[in-house]
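The following blocks contain the structures, represented as structure tokens.
Next come two complexes built around subunit A: one with subunit B, the other with subunit C.
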Partner chain A sequence: MSETCKAVVYVRLKDGVLDPQGVTIQKALLQMGYDEFAQVRSGRFFELEVNGSVENIDQRLDEVCSRLLANPVIENYRIEKV
Partner chain B sequence: MSETCKAVVYVRLKDGVLDPQGVTIQKALLQMGYDEFAQVRSGRFFELEVNGSVENIDQRLDEVCSRLLANPVIENYRIEKV
Partner chain C sequence: MKFGVVTFPGSNCDYDAYAAVRFVLGQEVEFLWHKSSDLCNADVIILPGGFSYGDYLRGGAIARFSPIMEEVLQFASSGGPVIGICNGFQVLTECGLLPGALMRNSHLRFSCKYVHIRVESDQTPFTHGCTVGEVLNIPIAHGEGNYYHFDKEIKELEDNGQVVFRYCEADGSITEKANPNGSIAGIAGICNRGGNVVGLMPHPERAVESILGSADGLKILNSVNDYKKVTAQA
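Right, the complex of A and B next:
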């Protein structure tokens, strides 16, 4: 019997990098009458189901993030194991 | 002086709704040799900076989510105040 665990990877643009999606959402909110939102930043997350039997899973998760899930030049990522 | 608070909205597809992006990522991981990932589900999040002086902000956040940030037919959302 193999257990599985879950990891969630949060990817967001680094501070200072322009986020056009966030800007657009903030403008749309303004037009809809929601003027209390000063700034909106967008990001993505990925829920990964991992086979628990793997060794050095932390390192492999880190590799996966920097190679596929995030662009380390302009994005930060954070790994959370559930 | 007005304080600001921050809210983060997490939007994900409901369980059972097909997630083509997640499927594609999982296949890409397999091809790259990462075969320990059984499933990948994707989602997005939004960091909102809110002027703290607003009344019934919880209700307004909920409105914003269902009207603009998420599609309640196929997506769930979760609001987290920081």
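Right, the complex of A and C next:
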């Protein structure tokens, strides 16, 4: 019997790594008059539909994140199952 | 000397590299398809520039899982000379053959122009024909060439002599203005600990005849062509 679940993965740059996109967005906000946002960090978001009931799904999700979805040299990731 | 040029879906400098080797260097060269598991007895591997897999996810992130990369990893670990140019450099960092990562240019724009780079190491197959401090005029064409690594790792790279090229002014001085993408320490190219794997953002294959604006890229290709200590692939 197959079950479907969803995993949501958030990937962001590690603290201390310059995020030129975030900096540019923050500058744009300033220009628009939103001066209360001191910093903007950008990131990526993935939604994965998991087919079937996989026993070691947590481990496999972790593998997928560290091997492909994120670059562990510069990025962190967070997995949420929904 | 036989060169192998890897073609990923989305590579677009593979023909430039092929032409530079075959018609300018006058050496044997073969395209290596990304799905193949055969390096065709190449003595040197070139990972060319372009947008492998559309640069989806991150530059080089998906290309590194191509079947041919298994062979390239083995070839590199046995000391075979491998050069990654632009997108090829990104593939080399993604697969772990080279340390660090290439991020979005600090100014967020695609940058396509001639730059000067200074040779920082002649201890690689690709630079042994150059002299340290020599300035080369070679074009760049990238949106994600901003080399990044943490301070400790950068210090290790510097201490081990793994910084191979640095962006510079025409006179060789290192300035912020000469840095086209925000790379840490103006790094334009690095090598692995063994020196046999080199990655750089500038395109030597596009600067091989004076009619192209510069022939300085030939110094890099000639270096490896003259390199005698190549470990032939078994």
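By our rule, the second predicted complex is superposed on the first by the 80 of 82 C-alpha atoms of A that agree within 3 Å, B and C clash if a C-alpha of one lies under 4 Å from a C-alpha of the other, contacts with A are read in each partner's own complex, and residues count from 1 in each chain.
Convention: contacts are C-beta pairs under 8 Å (C-beta built on N, C-alpha and C of every residue); 3 or more make two chains touch, one makes a residue touch a chain.
What you see is a predicted model, and the numbers here were worked out from it, not measured in a lab.
When the two structures are aligned on the shared chain, A:68 is found in touch with subunit B and with subunit C.
Of the two partner chains placed by superposition, only subunit B is touched by A:57; subunit C is not. Ranking subunit B and subunit C by residues of subunit A touched puts B first. By the touch criterion defined above, A:17 reaches subunit C but does not reach subunit B.
Within subunit A, the residues touched by subunit B in the first complex and by subunit C in the second are 68-69. Residues of subunit A that touch subunit C in their complex: 16-18, 20-21, 24, 68-69, 71, 73-74. Only residues 4, 10, 12, 22, 25, 28-29, 32, 34, 36-51, 53-54, 57, 60, 63-64, 67-69 of subunit B touch subunit A when the two sit together in their complex. The part of subunit C that touches subunit A in the complex is made up of residues 57-58, 61-62, 65, 93-94, 99-101, 103-108, 146, 148-150, 182.
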